[in-house]
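Take a look at the structures listed below.
What follows is a pair of complexes built around chain A, which joins chain B in one and chain C in the other.
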Partner chain A sequence: MSSWIHVAPLVLLVGGGLFIMLADVFAKERPELATVTSVALGVSGCVSLAALVSGVAPQTPAFLTSYLAVDKMALFFDVVICTGAALSTLLAGGYLREHGYERGEFYVLTLFSAFGAMVLARSVDLLSLFVGLETMSLGVYALVAFRRASARAVEGAMKYFLLGSFAAAILLFGSALLYAATGHTDYAGIAEGIAAGADPRLVLAGMLLVVVGLTFKVSAVPFHMWTPDAYEGAMTPATTFMSVAVKAAAFAVFLRVLVVAFGDPMSMSEASGWPPALAALAALSMVYGNFAAVSQQNIKRMLAYSSIAHAGYVLVGVVAVFRVGDEAISAVLFYLLAYTVSNALALGSLILMGSKGREAVSYDDLRGVGRRHPMAALPFVIGVLSLMGFPPTAGFFGKYYVFNAAVHSGGGMVWLALLGVLSSAVGAYYYLRVIVVMFMKEPEKGQVLAVPMRSGYVVTALSIAGLAVMELGLMPGWFLDLAVQAAQQLVA
Partner chain B sequence: MTDLLSQNLLTALLLVPLLGAAVIFFMPRQWPNAIRRVSVGFLAFNFLLSLLLLPEVVELTQQLFHRFPAVGALQVVDYGAPGFQFVSEHVWVESLGISYKVGVDGISLWLVLLTTLLTPIALFASWTGIDTKLKEYALSFLLLEVGMLGAFFALDLFLFYVFWELMLVPMYLIVGVWGGANRVYAAVKFFLYTMVGSVLMLVAILWIVGAYHDLTGAYTFDLALLQDVVLPFDAQLLLFLAFAVAFAIKVPMFPFHTWLPDAHVQAPTGGSVILAAVLLKLGTYGFLRFAMPMFPLASQYAGPTIAAIGLVGIIYGAYCAWVQKDVKKLVAYSSVSHMGFVALGMFAMTPHGINGAILQMVNHGVSTGALFILVGVIYERRHTRDLDEFGGLAKVMPWYALAFIVVAMSSIGLPGTNGFIGEFMIMSGAFLSNGFVGFGQWGGLFALVAATGVILAAVYMLHAVLKMFWGPLSKKENEGLADLTRREWVAVAPLLLLVFWIGLHPTTFLEKSEPAVVGFIDGFKEKWEASDEDDSLRLWHPNLHPRAAAQEETATAQGSASLEGPVALRAGGVR
Partner chain C sequence: MLSVYLPVFLLLAVAALVAILMFTLTSVLGPKKPTPEKLLPYESGSNTTGASHLRLSVKFYLTAILFVVFDIEAVFLYPWGSMFRELGWFGFVEMLGFLTILAVTLVYAWKKGALEWET
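Now for the complex of A and B:
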């Protein structure tokens, strides 16, 4: 029985999705689907959190062992993904109604996509990885295209879908090469195969292709091209979901593959393994993401580029795994949790700023909001300060742990950390700009003002995210310990 | 229970403004006067509370209120004792060794009191100047005080970094929301400059914590523990540079000073006062508290260079001030010049120099704070700060002229005022700085150049005084100007009192900081010698190795007299 508790979250999400599909069709009154969905996600997250805290040694039901891991890291990512998805759903509850897109599919897609993300984060085999990845991605493609009358949404979804399919194919090709080289598709088996002397050229090629496929999902430079368009085209709650849950799941599998399958000395070699390749991607993402975000006028695009930069920061932590192991892994885990709540807070605040017929999208829409609606501006301030990495917020501790791991790795990693903090100082410019327009600029004459919406859903989501940001910033110890435990279990 | 206050005095000093902020937050904005009174009230109360840091005040309170047991339990501390007073420590994040550890010593004591004194004065001075979003303005000041005090109190590097960053947001808002026409540019420039410096410092902090972990297997951010790590010279130099950039931007030292005139000119009066009087001090304080003790060899090596940059700042700031037409900009550049003195005194590494530097930090806070208030007074009446718009003001505003001239004299460093004491000590400290640490044969030259800075200070200040107060009353607008009001007197009077108190009886102030300074130099020397003995931590820079230098001289001179050379050289540092 106890082994089932650890897959209960997955079952709950699928069950919830099916229920909503039926409810949407048969219910006469329009039901509160957002409530149902967010409760399902919230309960799943809480079950995993309880399992994680209780310290009961996680067990996998026997028939799943060869595909899915149920370890502490899986549970930790359940919490991250469910938090991100639940916050997006709550935001959607306000957003969809306000802007007249209220259709049940949104929630179904979110639930199935979150399910895919959780499978992805648990995968211990390239096959289950692919199944999870596609389950997650198909839902997200549809979410981006949800506003099908909008050319931008369709454009974004098209780009995302095409490039995503390429990336999936590349990943699949890499898996095939690895299978050819080692005779295994499960990570542990690949590691055995490599240790037993698989053809290093095939392994290297397979590894790089798999890494590229995953890098696409975390939107690191140079595989980021789809990000700004998809983020801008999607409705803001969907953007929230993409930027937090999808990214977190992709990084989870990144860690698993690198640590379990490619933890051998040759693959981790500083000269020819994944560390230098990922370090280069990290550096590019941080620098390009931050500089490109500076010139954006649309806040969603700005946040898209900032998410590229954040992918770079997380990659710094991923690279550091080759030197400091669990310390770096726990840093990545904590960062993803912090980024999830911070980014949900920032995007949620953007949703709050608009109301029927007029969404707030550009900086100009926010002019003088801080003066007219100070309480609505407050969560945005906390959100951007956290994304900036300003103490005492979640984002600060996240950045701190990641760069801490990098500095402790020594050598060239110190320079990577230095590049990271300097580019994050560039980031301060465009995050500050949000505060500048809200508090220091007045609307131009004749400008149509965006009026903050009134929605219990959005307020609930922002309260949860805001409290989480402050909690993780002031008392990070508790969650950090959970992350450390999860990391140690993965390495052991 | 009884000495609860003494044990948590510093925490209380942080909580009072925070509590004030909470109260203001819930006050309706339709009550501007109530908001003003409550916010200034909280800050003034905090100043009174901070006076309990002084043993004399505690004794006096005990004599006056001996009937109350709580007063009797207050701690009378001795700043002559080594180490920190009023220390309080609580674990924050255990697994990372981060703790909330606060304390004061002779080095930070006067800066803390300067902060608690000037924050209410600054807010009081902008009583009428600010009429929009008053509630947020008051909130910013209260939170700013929390940040500044926290940074002065912090004995844990992580805590210091958090407070150091926390100060940034309120100041940024004060400049950006209530500033002049070009306020957004100035605010963002201020923020980004400081941010770049502080992230470099963060990496350096992480590095030294990692080094400590490698040595001991434990994580800690405790300054006292991290100070014991002796790092190799090249590492020290890099880390010192990272800290030095962060602090030099804040001071600001040439060539990182360009944000300062912008920020000062755009900031409202209260913001300028706090910026000049307290925020800049955090840069020089950071050198004394963190950079120099943690990286003694590097600071010894780089000290003369930084002092030379300070000299450039003295001269360059003075020349820039001379040509300004805007009085506020003039005062801003004079800050660059005066903070150069502080840098010079610190790196002279003599008791006189460092003690003078600490006193000069307080002096600059008092004098420049008062100058900004007085500039704000005339700006409120005339809405201009252009020197050409004034002239002959002494005829219409005699008391204002008197106050301004007194403060200008203290800024120049006229004997009898506070500026004289500080600058004199710094220059004599630099002159005598020829020991094993310090300026070697350059000491005399440095003192000489610094002295020309004093002359230049007289030039630009008297120039401003001349343009503003003497000559004919040429502008019609100036004829009906009202003299200082009672409220403005209340803001300026304590500062005028301090100008003469420090100028005539500096011992009150110096005797508190002196033991800490001597301890500082002894610790510096001890660490220097420790790094010499332990071969695993051997030094690497031949010029910097006293033993190597001694051996070399023994080898060349081959006499007993030659042995005295290095010894005398060493002793010379701590005369």
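Now for the complex of A and C:
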């Protein structure tokens, strides 16, 4: 039994997805699909967490392990992705019903997309990487276009789809070059090929193309163009899913590719490898994301630019891998977990503060919400403080570990960490501005007020996310320990 | 190794050159005397009537998508069938899982009305 526990979460999600499809078309009354979906995701997350904590040794057959990793990092990312997807589903349970978009497809797409994300996070071969990436992305494209009568949704989905296809093509081209250079598609084989003296020009070109394809998915500058439109056009629960689960999976595969395939001295050198390129992307993302977020009038767009900035922070940790291996990896893992719950909390309370026809999306909608409906505003405050990196929330330790890893790397990385701290100070401005608007501004006369909705689903999601944010902020040790174990296993 | 392909590249280059040359020469040397008849999309066809921006029903896309899905299924079945004995029970179970997933999809598409032409 224990031999299959490492792939049980994947099987569970596929089974759950098929069940929901059938339930959707055969049920006489409107079924509670949000409950079923979030339970399926929650159970898979718990199975992974149990396997991670108990440290049960995998005995999975070789036909699987040559494509999918069965290590602690895979399990850690299962937990992150399932948490993000389950929270999005719970939020959708309230949002879709309130705004009249209740359709079973949303849950099916989310489940299969989460499955793709989990495959992506455990891929150890360029082939399974691509299959996972496409399974995840196709679901998300459809999720963005879910409100198909809305021009904004279709525009966002179209941009995301076209640019995403190009990014996938670039990634494939890079994979082809790597295969041409080394004769392998699995990461370990690529590393062997590089060590055996593959043509460094081909390897470099292939590596850069693969990195570009992946940076697109994490929405780092300059491959971020689709992010604000797609995040704004998508319904808020779908935005939540995209910003947490998709991003986490993309970073997981980033770590695996860089550590396993390009961990050789040549590829990791500061002169001719990935560290300088990724460091530049990290710096650009942090600075651009934070400054662009300042001038936004729409909260979802502001959070989209802030997610670009957060991709920059995580990239700082990814770059630090070339010097302080497992410390940097564990920092990235912890950051992604913290970001998942914080962002779900912020976007979730944005959902809670609106109701049918009166969705809260702009700063003006939020004027005085904190005084009129303090309980609806509270989760937003906690989420935003965590995104800002304010102690004692999850975001504080996420940032702390990442920048700490950068400082320990020494050299130019110290400057990168400094830039990160400075740009998060810019971030504090626009995060605090929302809080100021909510508590210290009064709505203008004649303005249509956003009225909070009532939904057990949304309240449940916010309670879970809020507790997780505080738990990770007050007692980060337990999850950090799991992240460290996962990181050490990957590096070893 | 690339030298094997040299004739191919040469042919490509010559073909591109000839095409570019032809088009350039006709546009530079050719006489241009446009008349309303010559500017029509189909010079000797019937005249167009009405607006060209018609809205067409695109219900073919569902059929096309379903065709692709089940075409892939057939493509998968052929190599599996030819390797059936070598793959044994393992291959049988794998293929059973694949077909189950597709069967569920078909039931779903059917119940959703994707197979109805007149809706």
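Note that in this section the second predicted complex is superposed on the first by the 491 of 492 C-alpha atoms of A that agree within 3 Å, B and C clash if a C-alpha of one lies under 4 Å from a C-alpha of the other, contacts with A are read in each partner's own complex, and residues count from 1 in each chain.
Please note the rule applied: a residue touches a chain if its C-beta (ideal position, glycine included) is under 8 Å from a C-beta of that chain, and two chains touch if they have at least 3 such contacts.
Computed from a prediction, not measured in an experiment: that's the story for all the values here.
**Student:** Just chain B (first), just chain C (second), both, or neither: which does A:V14 touch?
**Tutor:** second
**Student:** A:A169 in the overlay: touching chain B, chain C, both, or neither? Say first, second, both or neither.
**Tutor:** After superposing on A, A:A169 lies clear of both chain B and chain C.
**Student:** Tell me which partner touches more residues of chain A in the superposed arrangement, chain B or chain C.
**Tutor:** Partner touching more chain A residues in the overlay: B.
**Student:** Who does A:A428 touch here: chain B (first), chain C (second), both, or neither?
**Tutor:** first
**Student:** Could you look at A:A188 and tell me whether it touches chain B, chain C, both or neither (first, second, both, neither)?
**Tutor:** Neither: A:A188 stays clear of chain B and chain C.
**Student:** Can you give me the overlap between the chain B contact set and the chain C contact set on chain A?
**Tutor:** none
**Student:** What part of chain A is in contact with chain B in the complex they form?
**Tutor:** Going by the criterion above, the answer is residues 371, 374, 385, 390-392, 396, 400, 403-404, 407-408, 410, 414, 417-418, 421-422, 424-425, 428-429, 432, 436, 439-441, 476-477, 480-481, 484.
**Student:** If we count contacts the way the header does, which residues on chain B are in touch with chain A in the complex?
**Tutor:** Per the stated touch rule, the residues are 92-96, 133, 136, 161-162, 165-166, 169, 172-173, 176-177, 183-184, 187-188, 191-192, 195-196, 199-200, 202-203, 206-207, 209-210, 213.
**Student:** Touching chain A in the complex: which residues of chain C?
**Tutor:** Per the touch definition, chain C meets chain A at residues 100-101, 104-105, 107-108, 111-112.
**Student:** Give the list of chain A residues in touch with chain C in this complex.
**Tutor:** Residue positions touching the partner: 14, 18, 21-22, 24-26.
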